[in-house]
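Each of the two complexes below includes chain A, the first together with chain B, the second together with chain C.
Now for the complex of A and B:
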């Protein structure tokens, strides 16, 4: 169905064409793009947002695009990362790197909890159960006012400077902030690419393509699903932690149903099951939101319309369609 | 007298049943559409919201609540049929996720259109004069309107049951749910059946929105919350099972009202705990058939 996914077999073919070459060096190409990206954007803060949501969509795509499970509850993972990273700084005064580690870890734990309940159901139930559980997480954070600030959100996550190995970076400077976030995103590109190229990555796609055959081949389908859900949660937790540092507050809306829906839209707009597609989707979504809201407050109408057109006519998404066209 | 007398608990039980009645109506439409079309309608909450606004619109045009009871399901159901015919139908046979994604995107458009037409802030919705006040139901005074909600739900359920079980068209619908291919071979236009089922399901959602309007007011986002709660109902009851939707809907309503009596801070979370328990013990729900959804 989706043959734009990476194939390990590509490395064994004798003559490379440029397409396979690009595929082999996808991390490098994506990283180069990320490094020059802020200079083609209207303003840097938007570029930082696109990076963060691109990472969020990347993590979501591991589950939706590569494993084929549609989750409508990823806001819970993104939001848990953001809140716990923020709480680590605001309530415990931890340094930024420890806070990010706590954000990622807590998202992994949350993904384990939600995942082990949700994968008990199959097929279409999965979307409904993840959405309901994410709603539950929303209420829990909403009511823990002492820790999360409840309706007002968690305020006062002030990270002014990034100190690393004796180097001192001014985190207030937008471009510095961009490259700090970008270094995490490039790291995530590398880790994701490694996961997908590993034998485990092949099993993930085998489960998507034919569950019965994967099971008959001796792979543990349930464990693969849970593991992928948890890994996806790790990426989303990292994105959430970076969002907390970037925004310096965590609004309660981060756990809202719309944050879950947004990432579904991004992944599908860009092209699910492609390496770089979710990033493209996040960029298109946020640029659309920014441009349309200059003209009308009802930007969701335009975004919803673009999404519906995409589902009807371009199910492979923007990046997926481009890849299909240019593939030699 | 102690704070938690038997009468208070009994009254709270009735409040839960009235709340559950809304869940039942909402979930039954969802379940009907899924059972027949295998489409999870993520826009169901938006249809529910449109139902409430359609009621508001009819009242502002000089209609009254009783006209709305007939007019709203007709309007919303017609709209639902248009959506099925032109947006959902092209996606049949393209994988189970696509209609879900489409209806999800559609819900954004519907909510935004309502915001453009009616503004972003909410409206109150007056309880019809005839149904104001409270009546003595033996254990204490109970709002008449909530009693009416329970009664109206019962009427819809009985009507739906008679339609599905006692009419020849209902027979076709049930056959289509079991094996659409055989039904097609027998010369029935299945796509027309699906069109009507989608229309009925969304009409009931609009009706539920109208019934809920006097209880909680009307805002553009009213559909999103109940959608998540209705998913709990369908998971607990078993997707595609109407009996399951009824039982689980009432159960969820009672759990919400009881937990808001005994542990108010747990009220919102309690139904999700219920769902977690059901998932652990019986993943396919009370009445769900195992393996149906694979």
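Now for the complex of A and C:
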């Protein structure tokens, strides 16, 4: 929502200030941040989780923040990516890169299926339909014990080494694992930024702002919605695949509606409709949860309190509020 | 501004302050700090991921208390050539993903020597998958049949807890000859319930037991009134209630209200100490079940007496619960293995733990070589109608299923090659 207006203002005055410069190079800035990120985190495995959930929230935000559709079933896309990536390795012995490709593809297919059914509705009905379909996906994976391990979860996604262009990396090493995941996340940053900056990205926001006007201007609203849903699914599927590789397991909880709810929380906490906000939301959410639970078993109380404060005083999310403050 | 002027008056610019603080933060965060702190001999670190929050929080917190007893005893006994042990407790939130993340933290950042813990089948399999890739010894203290199987087992995997096959088998062997051959099941519809039913049925084959029905219900069911009359109509001799925690309490309470105890015997694979204390005597009255540990065996078992006394002393007179005691056993066996090996080298510790014949808190135990399952006794208990010795006096031990490898699934059945 804040993407269009400042650009017009800047180009009319023909002078770039630092804020617009940062906006132009948001992918570069986000990438630099991601590269130094593990050194400021309490432990690397958490940093990797934040990357993964940040990417998941980023993908979700494409639909929620930019298109304005609240999905309560994104766990199905995240989980499908994770499970299919895991199954490709455990049951078919495919190399890790092929497994990631399968994870992303399967999430795209799943998003097409869910999307084509759900986009007929909007508002609260859209949230309910996506949630119901996601529950169906949950039960399919839960019952397919031979493929998914059912209740016990899928184990044995054991990637020991990454071989690239003759180079050999030990995937057990936490920093190696971080930077492998980070390279995919940076790639996703770039693709997402490209989508948002394209004419199609403008149409997405046009549909959010005024659907009737977008339709009157000759844009195919239904196709835009479906396409955005599918693209969002692709990002979430990539995040899921990376989650499977990182933890070497896929728990059935990944498909649970709590995982769907969590990403809504992250996007709201960070700032919906901002490029980097969902990532900030994921980082704050997971950091709080991990740090507070170290010193008290009543961590939910503390985390809940922080959320209430955020909702009361930062209605545009943490990142959204920061952006608003520093905007010259 | 006042802050700034104060600094400049001391000839220290803000930039200088920032730079100093930055360097300080970098040093504090960097790996060098650890080297500085490691001047003295490092402790033996044991990671302990358990679900401190969530439905099994009570059990998990008791497991921590019991593990602390094991650590204290080891340290008082001189440690490993003077090296003390330390427990690093983490909340796994009963979520396999969180447990795997926490295990990664414990292994990669804290550089723990061993991991002990978990309180769900899925969580222990997740932790196990992480530790076995990294060559860290893991001792699981919750029930699962799958962890013994060749698909999940590794030489780094130990299983101090009972498994459903042993538990249900012991209860079945006790109940079937006494109470009859027509058996109905009321089962929580997930791995735990399914594995328990399988254990009952395996044990029942020897007695010619007939399953009249197996009614499945989802976890978290609060109303069994639609299911219980169906079971009642089939007139079974025995009703096996294979669920856990609050589900078990509600099912037992409603079965009592329906008067089912008059026409059939109710058995449960596991009767939880904490569940019985919470639900009261009436619902559990006359129910027979199994357990890995009950503090009341201290009259007969000397090691149980010693453990209970130490636990009471450290924790304000409380007695350890069944799952709690496993925390003690799980930590103690690895530490004693390390002491026997005189080293923390994984292979040497594994060999030493495999060779242990131990009696730490519940009578003789040992780890079977092929799957590292602890071969141990199962206690058959019955809920007391009238506790005599205070609130903790809730069960009678009516039989003991002695440790016997014949009660486990065979190594071949689990896929191991001997």
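Rule of thumb we're sticking to: the second predicted complex is superposed on the first by the 297 of 328 C-alpha atoms of A that agree within 3 Å, B and C clash if a C-alpha of one lies under 4 Å from a C-alpha of the other, contacts with A are read in each partner's own complex, and residues count from 1 in each chain.
Assume a residue touches a chain if its C-beta (ideal position, glycine included) is under 8 Å from a C-beta of that chain, and two chains touch if they have at least 3 such contacts.
Everything numeric here is computed off the predicted structure, so don't read it as measured data.
Colleague: Just chain B (first), just chain C (second), both, or neither: which does A:112 touch?
Modeller: neither
Colleague: So, A:139: does it touch chain B (first), chain C (second), both, or neither?
Modeller: After superposition on chain A, A:139 lies in contact with chain B alone.
Colleague: According to the stated criteria, A:31 is in contact with first (chain B), second (chain C), both, or neither; which is it?
Modeller: Neither partner.
Colleague: Classify the contacts of A:264 with the two partner chains as first (chain B alone), second (chain C alone), both, or neither.
Modeller: First partner only, chain B.
Colleague: Going by the contact rule set out at the top, does A:301 touch chain B (first), chain C (second), both, or neither?
Modeller: Touch status of A:301: first partner only.
Colleague: Using the superposition on chain A described above, determine whether A:40 touches chain B (first), chain C (second), both, or neither.
Modeller: So A:40 only meets chain C here.
Colleague: According to the stated criteria, A:70 is in contact with first (chain B), second (chain C), both, or neither; which is it?
Modeller: After superposition on chain A, A:70 lies in contact with chain B alone.
Colleague: So which bits of chain A does chain B touch that chain C touches too?
Modeller: Dual-contact residues (chain A): 300.
Colleague: Which part of chain B faces chain A closely enough to touch in the complex?
Modeller: 34, 38, 40, 87, 90-91, 94, 96-98, 100-102, 104-109, 111-113, 115-116, 224-225, 227-229, 231-232, 234-235, 239, 265, 268-269, 272-273, 275-276, 279-280, 283-284, 293-294
Colleague: If we count contacts the way the header does, which residues on chain A are in touch with chain B in the complex?
Modeller: Result: residues 70, 117, 120-125, 127-129, 131-133, 135-136, 139-140, 143, 257-258, 261, 264-265, 268, 298, 300-301, 303-305, 307-308, 311-312, 315 of chain A touch chain B.
Colleague: Tell me, which parts of chain C touch chain A in their complex?
Modeller: So the residues of chain C touching chain A come out as 29, 52-53, 57, 61, 90-91, 93, 95-97, 100-101, 104-105, 108-109, 121-122, 125-126, 128-130, 133-134, 144, 146, 151-152, 190-191.
Colleague: Hey, which residues of chain A end up touching chain C in the complex?
Modeller: Counting only chain A, the residues touching chain C are 39-40, 42-46, 49, 150-153, 155-156, 158, 160, 172, 174, 243, 247-249, 251-254, 293-294, 297, 299-300.
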